[in-house]
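Following are the structures in question.
Next come two complexes, and both contain subunit A; in the first it sits with subunit B, in the second with subunit C.
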Partner chain A sequence: MGIAKFVLKRVLLGVLTLVVVSIVVFALTQALGDPVEAILGREAQPASVAAMREELGLNRPVITQYSDWLSGLVTGDPGISYTNGVPVLEVLGDRIWNSLFLMLVSALVSIPISIAIGTLTAARRDTAFDSTSSATSLVLASMPEFVTGLLLIVLLATNVWQVFPAVVRIRPGEAPWVDVGALVLPVLTLTLGVVPYVSRVMRASMIEVLESDYIEMARLKGLPERTVVWRHALPNAIGPTLQVIAINIAYLAGGVIVVENIFNYPGIGLALRDAVTDVNVPVVQFIAMLIAAIYVVVNLLADVGTILVTPRLRTRLQ
Partner chain B sequence: MTIVEAGLQPGLASGRIDPPSGRRGVLVATLGLWRTRIGLLLVAVLVGIAVIGPLFAPYGGTEFVGPPFTADAPDTLFGTDKLGQDVWSRFLLGGRTILLLAVVSTLIGLAIGAVVGLVAAYNRGRLDNVLMRTMDVVFAFPNLLLALVAVTTLGRRSWVIVLIVAFTAVPRVARITRGAALGVVERDFIGAAEALGESRTHILGREILPNVAGPLLVEANLRLTYSIALIGALGFLGFGVGLNQPDWAQMINENRPALSTAPWGTLLPIFAIALLTVGVGLVADGLGRAIAGVDRARPT
Partner chain C sequence: MDNDRRRELWLPHAMSRRRLLAGTGAAVLFAACGGDDDSASPSTQGGGQPTGGSTGTAGGPATTSGGPATTSGGPATTSGGPATTSGGTPTSGGTLRVGLVGSTNDLIDGQYIVAKADQARLVSGWDPVVNYDTDFNISYEHSLAEEIETVAADNYVIRFKEGLEFHNGKPVTADDIIYSFRRRIDPKLNLAPGLAELLGPDGMTAIDDRTIEFQLLKPAVTFINGLAEYTTTIVPVDYARFDGDVSNQIGTGPFMLESFTPGTESVHVKNPNYWGSGLPLLDEVQIIDFADAQALTNALASGEVDAAVDIPFAQVSTLESDSNLRILESQAGNWLVITMAIDQAPFDDVRVRQAMRLIANREEMVERVLAGHGRVANDMYGVLDPCYPKDIPQREQDIEQAMALLADAGQEGLTIDLFAPDDTAGLAELIAVFADQAQAAGVTVKAQVLDGGTYWGDEYTKRTFATSFWSTRPYLIQVAAGSLKNATYPETHWPSPDSDFAETYDQAIAETDDSARCEIIAEMQQEEYDNGGNLIPFFYNLVDGHAANVKGFEARPNLLNLDHYGRGWKNIWFED
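So, the complex of A and B:
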């Protein structure tokens, strides 16, 4: 069974990746850098330094610290927050779901739009619509997300028009869909970060499909162009783009960091920034591993999905 | 015969693309595109502001000029910022840091990435596999996240930021270099060089590298966009280098509260970063197209 073995190999590779990432994260925060020095500053009293070191468990051998942390992560206990002694999971609780919600909505909005734009620009190749779309994509892809987000705020929330709120107001415990209007700009910012890439790949894939024999056949049969494009070409064009779609969904996991901070959205991105400012190492480590895990899982699903959807690759496995 | 093809012909006979004529051909092709021209113009203007701007700043970067967030403060072009400092002066002074850090990190990332890619392509087999797998793993991390993790305990020092941004550039540069180098490694003149007993460094540096310069140049451009974006994002989140030093990204964040009443403190740097990144992106796109056109013209 070629497929099963392939999936297993990919899963193992994913796990290995996460292990390596954990080493990098741990090294950067606890081994190479000194949290105590970062918190107390360089001119702190040796006595306070020693006391804090003991309290935070940082005077143990590095390997022990790492293995304790790692085993804790795996068993669902990512440690205690430095700032208020509360378990990390309790501190983050709702925020994780809020971020996942934002990612989900953005994915559900951006992927169909990208596919549609990619298809339309391919069907109307080299028209004004195509060139404008291509130029806009280039511009959007070049700008950093925080610039896109702020330009959107300037345009739609504060300066030119005042249609949407510039910040999100969700109180702790409230569901993120309480204020739908406030979600528009964050989702739009993330969408504008995804659409240029996915639509471009979709366009390329679509162009190739539109030039194939069976599409020629469909046209010769007298089918209306619309049916040819949307019913026959599109399903075949999506396969090759799955990888890029997945990469972009995974990108959302990192993209929320900036977007949440622009719009004050109560998710892990906002929490991460606070944690970095406070040198709240356990929280930083956990959020980092969480986002990395999302990244790895989404990419894994994409790899497996592509294989399943592309018969050519499937037979090569067997 | 196009200018591009003519530029490449002399090199082909000797089995090696002479860097000068090849590059000249590409440059000519690139500049022919109006996209690139607009891009270069934008980049020139913004880099000019960043580098020469400070000479024209009417006030010092941290000089108190008037009440905070006053758009029509006397003797100022664009009003005052969060701490009552002159927005226009800080804008003129604020581009240097971001530009310098971005360029340095990109160069370092390019250098390391190119070496890794070349070594991987030349050695194939085991070393290649290990190197590329490691690259893939590093690739698995969103860049901003990696940078934030690094900055937590290591601090917001310039060397930390430069190294981590360079580090995030390495995997893709390595991949591109390796991909381009793989095509070259097979060629006869490499075999000839080996038979002559040339050292590996010589082969890598003098024979292979000039031939992958094209794709590498495009990648360099792209990496620059990402570096600017990453360093900008860090600054925007409050983790830029230096407290209260004029810095475009940090200005955007600092002056946000007054966006409705005194917007220029935020608008000027936003437009600056936007135009700069778009400019670099346009140049990269133009270069990419020109090189693709060049490759198509080159007979195999």
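So, the complex of A and C:
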């Protein structure tokens, strides 16, 4: 079977995954509480409760509510925010782009660093550099974002040095890159969450490649070690690492929620917190689906990427 | 659900900024009182307080048991650093960035608030009819009225200042004033149900363009307290709540709304037509929303905001050590309370109620629940009311007497459940401390913490032994809210059927002579002190922070944060 067919199969599987996720999300958000109670309060008159239920369409059968919601999602109309009657997409608006931007920058910073660290530690296996970076990454890997984030704030924003802002302020209508300095700490926090994992896997993969026969051959030919590592070994070591990179990028989609709350970064993470507190079901549902979609898409890209960079797999498909 | 309770009251943010928020202070009185406000402000579910690792103790009576001991009581103090009072010559210009905990549900309405964020924005754009001075007597400073004449307990004449203008230069007329009051009492908007009980839409007559006569539906001197709320403001005819268009947001206040994105920020620019001469001093004020108090505190510490509303008590000492910052700590009349239902066993016996009150070690409660940021209370509320009785002895812990009373009542070795919600900072800690203290008297208190939704649900006000929180209010207003059979929230089921407390209350609100009314209030306070069901351990302070170069905030007894938001920021300036 060809690559196109493989991709198509993967896309269909991804869509199926999202449908299953949508059922779970829909079911779980029903458990958030009664939005009408949340909006009207305990003393609400039965008449206004009934009217509100009607207005929000909560009197429809659950199956109808679900299918209406799903078809709305597909057609780009994920509903109306309960708290102010504004369309969900308008409520979230720039916040979606702000969050995606934060994810993208974090990925662009953390992935190359991880690959470099993984490669270097593999090439200098068992040196002081290797053991130091192993120890450091173990420590970092064991710290959740809200700990690293707060430590970075104490260290670089408030108590020790006041180098970077402790919060990110993106003014309405402004792009998130207007104040680059403010982005340093959130990006650093996310980077410290990703680098340990990816670099460990990269190191293991690299070590395996460096011990293979063709690398031995390259060395025997007299190629400088640098060329051996970066030109011959690296491309072959990245393939197996791609999956882990994908998982970590997808993980960033969740990580931004925590990081946005620490740094008051105006993205979907802050919006999600408000929405959960207010039982604003359509907003919660949309953000959950958005994050799920990012997972699916990133994993799909990784699958395809792995095939493309791994000759063994590539040829098997042809 | 818990909405109304929360909306009605007011607690420091942490607790549940959505809900409690409605109006602090005396101000609350009419603004609050239950009811929904056209659904612009769904309050949240239980447990909706900012959660998550970093935000547990955000604001409010946060607990820091083991925190550094701070002195409690005494007059309002500026803790840390030199006094925050304005010194030097005020200069004009500059942009003040104020941070507070807010959300996408923030609203702007010249006569209504739900959250603290809404308070700050309202005070920027709209002046109240009258005000309180630092002794909580009625004051005409910072106010639109020039004089209130009490003709009778149900008849008042209010004369407004001359030459008042709205932001757009339009003069304030009698039509605007009457419209403003009609809007306040409009049952559809439900902005001030308490005021609506006293005043009908036809109760106002214009005597001239700045003098209005008010004929009330019944005698009630508390009408004047209603005028002194910060939400009793003057808006132009046809004014309506912000719905996306800033050009409608017209008031008389020092700053005009330039832009507003709920949950993000609002920008307010200087009102060139402001009636206060030479004011305001600043060019612009930005009110910036934060999702939680921790991020807000960090923003203050790293200089991203110039002033911050509500510093979590646990963080105060850290911020105090920063020479670039000032902590602004003001005494307020907010209180937490342990409530005993006086018609339910074992508290239907006054001796058991007294025993509980004697078990409490209030100093320890101030330390352990408030980290010292409050002062000991004496089972009476309305502490800022000028009529608060000063000569009733402070109740102290007395375990022996408590045990004797319990023995008399046949309740030695009492075991009882005490309930608290998990969404109101301080209450869970309060019952834990009380349970500790009760052991000494052989009383087993089982501390039961419920999620907020359950706690403020159907069982609220029905439990025998529970907890609650209240904001600063004048005494009589608080009685109507919590200490009458038909009170909004009759938590202790006070008064007992054989008491004439309710009649005394009616007498008090019809008494136009201040000192005569104070005497009646003293009697009522004494009765609650002797027989009531409230165990009031303390009043907690308002604790805010600002940069050292921001001048004009003063630490003084206050209803609202940041020195009443600098009375709409008009007195605030930057030192070069």
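Simple rule for what comes next: the second predicted complex is superposed on the first by the 292 of 318 C-alpha atoms of A that agree within 3 Å, B and C clash if a C-alpha of one lies under 4 Å from a C-alpha of the other, contacts with A are read in each partner's own complex, and residues count from 1 in each chain.
Note that in this section contacts are C-beta pairs under 8 Å (C-beta built on N, C-alpha and C of every residue); 3 or more make two chains touch, one makes a residue touch a chain.
Everything numeric in this text was worked out from a predicted model, so none of it was measured.
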{"item": "Partner chain(s) touched by A:124 [first = subunit B, second = subunit C, both, neither]", "value": "neither"}
{"item": "Partner chain in contact with A:30 - subunit B first, subunit C second, else both or neither", "value": "first"}
{"item": "Partner chain(s) touched by A:142 [first = subunit B, second = subunit C, both, neither]", "value": "first"}
{"item": "Partner chain(s) touched by A:91 [first = subunit B, second = subunit C, both, neither]", "value": "second"}
{"item": "Partner chain in contact with A:270 - subunit B first, subunit C second, else both or neither", "value": "second"}
{"item": "Which of subunit B and subunit C A:5 touches, first, second, both or neither", "value": "neither"}
{"item": "Partner chain(s) touched by A:166 [first = subunit B, second = subunit C, both, neither]", "value": "both"}
{"item": "Touching partner for A:158 - first (subunit B), second (subunit C), both, neither", "value": "both"}
{"item": "Partner chain in contact with A:150 - subunit B first, subunit C second, else both or neither", "value": "both"}
{"item": "On subunit A, positions contacted by subunit B and by subunit C", "value": "32-33, 35, 37-38, 144, 146-147, 150, 153, 158-159, 166, 258, 261, 273, 276-277, 279"}
{"item": "Subunit B contact footprint on subunit A (complex, rising order)", "value": "16-17, 20-21, 24-25, 28-30, 32-35, 37-38, 138-139, 141-147, 150-151, 153-154, 158-159, 166, 251, 253-255, 257-258, 261, 272-273, 275-277, 279, 281, 284-285, 288, 291-292, 295-296, 299"}
{"item": "Complex interface listing, subunit C residues touching subunit A", "value": "1-5, 7, 18, 34-36, 39-45, 48, 50, 52-55, 103-105, 259, 261-265, 288, 290-292, 294-296, 298-299, 301-304, 318, 453, 456-458"}
{"item": "Subunit B to subunit A touching residues, read off their complex", "value": "35, 136-137, 140-146, 148-155, 225, 228-230, 232-233, 236-239, 249, 252, 256, 259-260, 263, 266-267, 270, 273-274, 277-278, 280-282, 285"}
{"item": "In the complex, subunit A residues that touch subunit C", "value": "32-33, 35, 37-44, 48, 52, 82-84, 91, 144, 146-147, 150, 153, 157-159, 162, 164-167, 169, 171-172, 258, 261-264, 266, 270-271, 273-274, 276-280"}
